[in-house]
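Here the chain labels run A, B and C in written order, and each chain numbers its own residues starting at 1.
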Amino acid sequence: MSELVESETSPLGQPRSGGPVAMRLENVAVSFNGRTAVRDATFDVTKNRVTSLIGPSGSGKTTLLRALNRLHDLTPGAKVSGRILLEGTDIYRGNITVTELRSRVGMVFQRPNPFPTMTIYENAVSGLRFNGIKKKAILDEAAESSLRAAALWDSVSSRLKVTAGQLSGGEQQRLCIARALALDPEVLLMDEPTSALDPIATLHIENLMTTLKSRVTIIIVTHNMQQAARISDDCAFLLMGEDRAGELIEFDATEKIFNNPADSRTLDYTLGRFG
Amino acid sequence: MMNVAGLAPTPDTGHELRAEIRRTSQNARARRVLVSRVMMTLCAVAITLAAVPLVMLIFELLQKGIPVLDTTFFLKEPQSPTLLSPNATGGVSNAIIGTLALSIYASIMAIPVGVLAGIYLAESDSKLASVLRIVSQTMAGAPSILMGLFAFSFIIQDLHIGFSALAGSFALAVLMLPVIAISTEISVRNVPQTLREAGLALGAKPHKISLKVVLPTALSGIVTGVILAISRAIGETAPVMLVIAGGYTDSWKPLDPVSALPLTIFMNAKSEWPSLRAQTWGIALVLVAFVFVLSLTARIWASRKQKVGN
Amino acid sequence: MVLLPDLLPQPEEVAEFSSATSSRSWYHYLLIAVSLLFTLVSVGFVLSILLKSLPTWAHTGTLLTSRVWQPPNGPYGGLAMIVGTLETSIIALAIAGVVGLGTSIAIVFLIPRRLRNIVATFIELLAAVPSIVYGLWGFLVLAPFMLNTVDPWLNSWPFAKEVLGTSGQEFGSSLLLAAIVLSVMILPTFVAISREVIAAVPQDLIEASLSLGATRWQMIKDVVLPTARIGLFGATFLSLARATGETVAVALVAGGVANMQFHLLYPGTSIASWIALEFGEAQGNEISALMALGILLMAISFSLSLVSRWLVNRQRKLLAKV
């Protein structure tokens, strides 16, 4: 762990919080059939903080996020270059299988997507079952603990055996968070997790993220600048370059990005001048 | 490595739980990956197994069917081979004409009834509609030999019309009816509600909207369904074999006995004459070509509909 | 939220706005008249065959109990045909179901995207190939192959002669051959539907399972197949219906012998193919007996259709919001 904390400046030469690094991105680029979608992403994700990826549509935020748990493996013609390190291990070339990576780096999607054929309980423990955990006692305990962590236990503990489709949209999204948390991941990727939710449900999820970060490092893609400002500690700003490929413009503490950014384009974006 | 602080119920048990989870999943990983590899390989084996007989079938059809096709095949009536001229099979013009006649007469009977019933199914929520929906779905799954029994019982025994193209096309029409009705219902249902509302807003009468707005929009879907129904009818042997008597002469007359391509295959496949057996490959090839052309036409119609829809 | 393949049109989805039926126009009455005609034809279809079969049910009554079929005076026993139908279609479904499911999974998850549409079109075309063509191929190509190669090989196993019967009957025609030809014939039907319903499983469920560390097979087994199960039921029942009702392909390759036969290498027959084979020569009460076999076939087909509709509706209700 120690070799990850040695430098006091991030590879972009900008100061960071100085905490231990959960994930390090070095010149990460993603291309589809030779067309670059995002490039030059270099920054450190610090443990127990919320890191947000912001930028206008087409800037490659989601594409970059999906590279972090190798979801692009599914897409023929997709290529990820550069290095992505999880606890010092290169997730594409290092000694780690894709299933292990994904059990250590969880993901929550834009639309709530609980498994429709499974009950609430089965959804909560689905990740554990995928990973070969069969003991009922462990599953029960993990289900309760993760549902509690997702602030869902009180409302669903009496109806664990009903299908997940009967929950409201916000509850479904919290179930998806619980499902990811049950595996106790080190990093949780969230791809615009509140964009399909109403304001109240959004507020619940935002509060949840703030409490969760003591337990898991969070990387969130968001369209909503206020959300990024409210909940994230660090912030990466991406923008579509001239060849329609997304680029990392600036990475820094959220406070700095929103109050005193180094790049004028960042300021223009956060002030709402475009995007 | 781990962050145990925070929301875990009690730090100690939470820690044990997480350690156990991590240990178990680590131990299970290699086996899970192996099982997955094996199962995906089996799926690859399955697609190969599926492809072999089907590709073989197409290959045999082309290899043995093409040499048989000549002008005699298409234009001459059949004749019986004799010991002196064992290869004098004649052609199958009677069956080609018979198949065309059967499908034309069947279409004349089935298309109007099927399309109108389909429209009714799509636009009504009456008791009759729900009964008819179950009836048509059940009929669509009924074995085709039953249509032959029905035609025999009704047309030949009860109406005393005799073995004829009419009896055969009646059987095929009963076969086509539910297929056309179901596909028409689906196409009419797919017409956007906004189109009808727009018509209503302009003050058009409901039946005018149905005829002038809904039907033209659903038309390509309906045509697709009709073509598929015809292509199914053309290939059917069982419904016609009991009632058309397999006539050996060319005839378009509804009351004459006729033959059909599939029936000729069925009758000649077990012939003691090698020349007649060989000829069946040609008939099968023509039949498959017919059906493929119709299916591809239906697909083109269907994609045309999508373009119009966009 | 839950996207499910819509196999059958659902009555509750009927458009609230009914343009054709909300007015009492000539058009409205035409639609009703035609629908009544359709219903009448369907009722006539059942009644007509049923009435013609009545003498058999009334006089001999041996259709369900006897294995002997003896024109012109009877008895007319249908046991051999019933058993043959069950044997051939269940074996065919077992083969086509397993191979077909694997094929569909391979088409959706293994084959490169560019090839996928071509393969899907090819499969749909094969599903439209008339059954007589499969029968012809089975009789002229597969039967000699079974006779010379497969049957002797099967017979070389210990106890195979006792279980399967001895090879070399009737130019290779046998119940086993019929089951194999049926399985090849229903495979495209099964794959055409199951491929579509598997491909319709939402991508975000697939990604959700993978991002929880599921292997590809776990994703398929625990998420894709359960989500697609309604459509898979549909594919199974449709294929089974096609197999039980198939007439000419079985008539060509099963051998057409009305002996109740559990030895799969011996020739046998099925209900539908027996009707086709016997009808040409049938007179008087044998016609009635064949009509009775038709009623039997109809009962099988209708109950399959009923069971499948019940299962599909039940599944849909289980999955839908209560």
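Simple rule for what comes next: a residue touches a chain if its C-beta (ideal position, glycine included) is under 8 Å from a C-beta of that chain, and two chains touch if they have at least 3 such contacts.
Since this is a predicted model, take the numbers as computed values, not measurements.
Note: the chain lying farthest from subunit C is A, by mean C-alpha position.
Ranked by C-beta contact pairs, the top pair of chains is B-C. Between subunit A and subunit B the centroid-to-centroid distance comes to 48 Å (mean Cα coordinates, whole Å).
For the pair subunit B and subunit C, the distance between C-alpha centroids works out to 14 Å. Shared contact sites, meaning residues of subunit B that touch two or more other chains, fall at 25, 32-33. Counting partner chains per residue, subunit A has residues 99-100, 103, 130-131, 183 touching two or more of them. In subunit C, the residues touching two or more other chains are 213, 215, 218.
Touching subunit C in their complex are the following residues of subunit B: 25, 32-33, 35-36, 39-40, 42-47, 49-50, 53-54, 56-57, 60-61, 112-114, 116-117, 119-126, 128-139, 141-147, 149-150, 152-154, 157-158, 174, 177, 181-182, 185-186, 189, 193, 196-197, 199-200, 205-207, 209-211, 214, 228, 231-232, 234-238, 241-242, 262, 265-266, 269-270, 277, 280-281, 284, 287-288, 291-292, 295-296, 299. Within the complex formed with subunit A, the residues of subunit C that make contact are 1-2, 112-113, 202, 204-215, 218, 222-223, 226-227, 229, 318-322. Contact residues of subunit A toward subunit B in the complex are 1, 47-48, 87, 97, 99-100, 103, 128, 130-133, 135, 138, 141-142, 144-145, 148-149, 183-184, 186, 211-212, 214-216. Note for the complex: subunit B touches subunit A at residues 1-3, 5-9, 13-14, 17-18, 20-22, 24-29, 31-33.
The touching residues of subunit C, when paired with subunit B in their complex, are 8-9, 11, 13-15, 17-23, 25-28, 30-32, 34-39, 41-42, 44-45, 48-49, 51-52, 98-103, 105-107, 109-111, 121, 124-126, 128-137, 139-141, 184, 187-188, 191, 213, 215-218, 220-221, 238, 241, 244-248, 251-252, 272, 275-276, 279, 290-291, 294, 297-298, 301-302, 304-306, 309.
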